[in-house]
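The structure under discussion appears below in the form of structure tokens.
Chain nomenclature is as follows: A, B and C, assigned in order of appearance, with residue numbering initiated at 1 for each chain independently.
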Amino acid sequence: MTVFEYAPAPESRSIVTLRSHYGLFVDGEFTDGGGTPLPTVNPATEEVLGEVAVGTDADVDRAVRAARKAFTRVWGPMRGCDRGKYLFRIARLLQERAREFAVLETLDNGKPITESRDVDVPLAAAHFFYHAGWADKLDHVGLGAAPRPHGVAGQVIPWNFPLLMLAWKVAPALAAGNTVVLKPAETTPLTALLFAEVCQQADLPPGVVNIVTGAGDTGRAVVEHADVDKVAFTGSTEVGKQIARAVAGTQKVLTLELGGKAANIVFDDAPVDQAVEGIVRGIFFNQGHVCCAGSRLLVQESVHDEVVAALKRRIGTLRVGDPLDKNTDVGAINSPEQLARIRELVGIGQAEGAQLWQPEGDLPERGTWFKPTVFTDVTPAHRIARDEVFGPVLSVLTFRTPDEAVAKANNSTYGLSAGIWSEKGSRILAVANQLRAGVVWANTFNQFDPTSPFGGYKQSGYGREGGRLGLRAYLKES
Amino acid sequence: MTHALDPTAPGRADPAAPAGVPDAFADVTRSDAAFRAFLHGLPGVDQVGAEARAAQLGTRSIKTTAKAWAIDTAISMVDLTTLEGADTPGRVRSLAAKARRPDPSDDSCPQVAAVCVYGDLAGVARDALVGTGIHTAAVATAFPSGRASRAVKIADVRDAVGNGADEIDMVIDRGAFLAGRYLDVFEEVVAVKEACGDAHLKVILETGELRTYDAVRRASWLAMLAGGDVIKTSTGKVSPAATLPVCLVMLEAVRDFRAATGVQIGVKPAGGIRTTKDAVKHLVMINEVAGPDWLHPDFFRFGASSLLDDLLLQRQKLRTGHYSGPDHVSVV
Amino acid sequence: MSDRLAVRKTYKLYLGGKFPRSESGRTYEVTDARGHFVANAAWASRKDARDAVVAARGAFAGWSGATAYNRGQVLYRVAEVMEGRAAQFVDEVAAGEGLSESKARAAVDAAIDRWVWYAGWTDKLAAVLGGTNPVAGPYFDFSVPEPTGVVAVLAPQRSSLLGLVSVLAPVLATGCTAVLVSSKQRPLPAITLSEVLATSDVPGGVANLLTGDAAEIGPWLAEHADVDGMDLCGAGATAMELERSAAGTLKRVLRTTTEEPDWTADPGLSRMTPFLETKTVWHPIGV
């Protein structure tokens, strides 16, 4: 039997210049932070990429004051078309430096270079491009003839799509006329700091964008600062609840984008080969580190065996390994902490009696890795059907009728996303209507676009990002 | 080089079994209505999803040793083709000479799989290829349109086989297919297969006229059930000819057919494949969709003419380290 | 003062992505605001207009079928290249309209900014003009705006760049393709703009700019059965007659005003909605 071996096809890292030390970006300049710097590590190799400053309460205060000054004197009074021009510049710079951003994102996060290159970076640039065009058209958002920004936005983002989450937060905030203090995730600060360089290249007025790196305490300081008008958070439901408590009784406007346990529903008339692709994309894209991941496969019982067999065959062709290799499909788990959590939940799944399956093959020795994993014979009572794993672990359940599929899909405190696979349009629409989920994908999965609003129901959060509706989070009617 | 009808070739589950529809599917061809219900009951193909998967496979980066292997494998899978009204014995002999020695400056270059010509010139090709193991493929059945009576088409096949073709590339009756007369199309393939005798049958679906991936999947199953040894995308005379998503759907079909019956059918995309990059994308697709069993000239062919030149240029570049040019490749 | 002799530019039509002379072979003298000779511009004939419509129709499927994002990217690129050519535009506008350099500069800046503004609309029209309709039945019902097709544009006679941009950019932003007749007395910015379009990834045939006489070509475009919409801005006294002619094929007509509008004012959606159709789709909801 012939075997077609793909030779190593590494993307060169030489396009990136790593520094030994990274500072905070406040008021247009890079400065030190008051806290003990934290190392940031390449999860695929355990290499320390650099040391990153940590912002204390005092640093956060400095940043908020810079943002307030910029808002009052420069950005707030600025004409929309001029704000738009700055955003167009940023979008173009992201496109120009796309390869550099992609390689840096892969080094810092562990995701495959093809994903950084083909998904994260282009979408981030597209978000800026899209929102640049809104800056001078705010009278068409649906909030009256002259809606106004809130002021200073405090934004805390997660480690799974570092640059893209930055774009989702910063682009609409700026288009609407707010200024920003952004806290990147502690394990993935580097593309945010490279973005700060882009802001300098764009000649963005100082203080409009401020980036304060650090860990949980720094994020809390940003969220709780008295002079922040608008808070936006993407991360775990648990922290989201803490933030909601913290802003209670204040004037702060809050949007949250939290966890999920999405159901990917495959009916007996699904286009099977494409459904298998959608299942794979739903849970193994970005190593499953996706809030809207299709982590529950709900497959109609009559086609369960056929679909699962096809799925396992397909998973056997996934290539797990060096994220910088252009043929890698599944990269590294972002951190030892996340790996431990995945292992814990997988252990629980096995103990609960679900059947575990993983493809053959070896994992690299250094770094944090987990194989794509499928649990079959899962029922709604199992913890692995209810708890978010945030890793490449799929739980397979069955259903008999559309009603049952809907009931099982909705049987969750989460409500971020869902998938429906069927060749029958009316069924897709009927099921979509009944799903308590903010994003429903039919015959596709994990599709994102700056024009398409994204966000959850229930404990997956509130508020939407993207599209005309997403801008409303950053404006008030007048 | 083994032949698909060779009992020792890989993949044939039961070489002694009589030709005809595999047992599991005997019922479906009993009537037009039954056949229609079967073909329309096959899973649908979502166009956007299929095209996205094909595009994603196209991002694989095949370098160095993998690229060298891929180039040589692709060359060994080429059906070097000339199908022009102006073809002459001289042209066919020239093509055959290139088939046996594609790179005049390098004997290590593999031979191609077959030469593909019109049936009346099959004898010229056969004589020029004696002793090489390279197959003589002839198009037949009123190629490319397929618009002629059954009798004429069968005579066309017998003629080509009589001239020495050991592979026949037939066209299905697209008019009948699009009008829903599936059993007529099926029966014609069965009749052609019989007229082939020992010759190996490739069934051209003309996917550019079928227009939807659903139709491609149905036509693939029809051709396989009727006894085709290879399903082929196109005549090359209609645009679009072979596209990667069409090839994807056909590879899924042959994979599923083998899983259901044990019989391994080959795939041949033809027309529009011009560059080494295109060829490598196909090999990646075979590898990850149908599986490595199909990475063999008995189960995969490229119907192409200019593709060979680009493969040779790329091969020369890998060998010499610098980019090559058209003067280093022979014309036909 | 340099003794160097200038290499003078030739001004031809922009049609199908190329720069041909008029098939009629005609040219006409273009003078500046003081009456001095500036150039011989191609004098477009009805046959050129006919060929332009063919080119615009041929380009429509690709342009309207591109993603809104892609159209926005292309149009933004046009603005980038315009910015680089600003000095040439300033010279042509100043000479043609008799403006001071600073006034011409202001007009050119406004024209570039206007183009950027329209570039930002391509991927927002659907959200603003479309939506789902809550019909009283188990149906998913949605309306989407779609470009109407080929639009004939008679560019304003007075405002040779800002006015020109203000009538052309909206047509392209909607996904329509354009056949435009420039200002007769002040055609040069239209051709320099064509050079910008030709080097900015705008597919050939999407915009066709003809220098010549709107009064002569207008009637042929108004009656043309393969033109879907018409902007009568530069039609002057012939406007009513053209609107009557256009009625014969029920073209979507954007009327003109006796005075040219203040081009610096916010146009809103007014120059895009006339050239957008609305498609409403119904689909049952049920298992």
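We take it that a residue touches a chain if its C-beta (ideal position, glycine included) is under 8 Å from a C-beta of that chain, and two chains touch if they have at least 3 such contacts.
All figures in this text were calculated on a predicted structure; none of them were measured in a lab.
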| item | value |
| --- | --- |
| Chain whose Cα centroid lies at the greatest distance from that of chain C | B |
| Geometric centre: closest chain by C-alpha means | A |
| Centre-of-Cα separation between chain C and chain A, whole angstrom | 41 |
| Chain centre separation in whole Å, for chain B relative to chain A (CA means) | 44 |
| Gap in Å, rounded to a whole number, between the CA centres of chain C and chain B | 49 |
| In chain A, residues with contacts to at least two other chains | none |
| Chain B - residues contacting chain A, complex | 10, 43-46, 48-50, 52-53, 59-67, 69-70, 73, 252, 283-284, 287-288, 292-293, 295-296 |
| Chain C residues touching chain A - in the complex, by the definition given at the top | 68-69, 72-73, 76, 113, 116-117, 119-124, 126-128, 140, 283-287 |
| Residues on chain A engaged by chain C in the complex (per definition of touch) | 81, 84-85, 88, 126, 129-130, 132-137, 140, 402, 425-427, 429-431, 433, 450-451, 467-468 |
| Chain B partner contacts - residues on chain A that touch it in the complex | 1-9, 114, 118, 269-274, 277-278, 317, 326-327, 423, 443-444 |
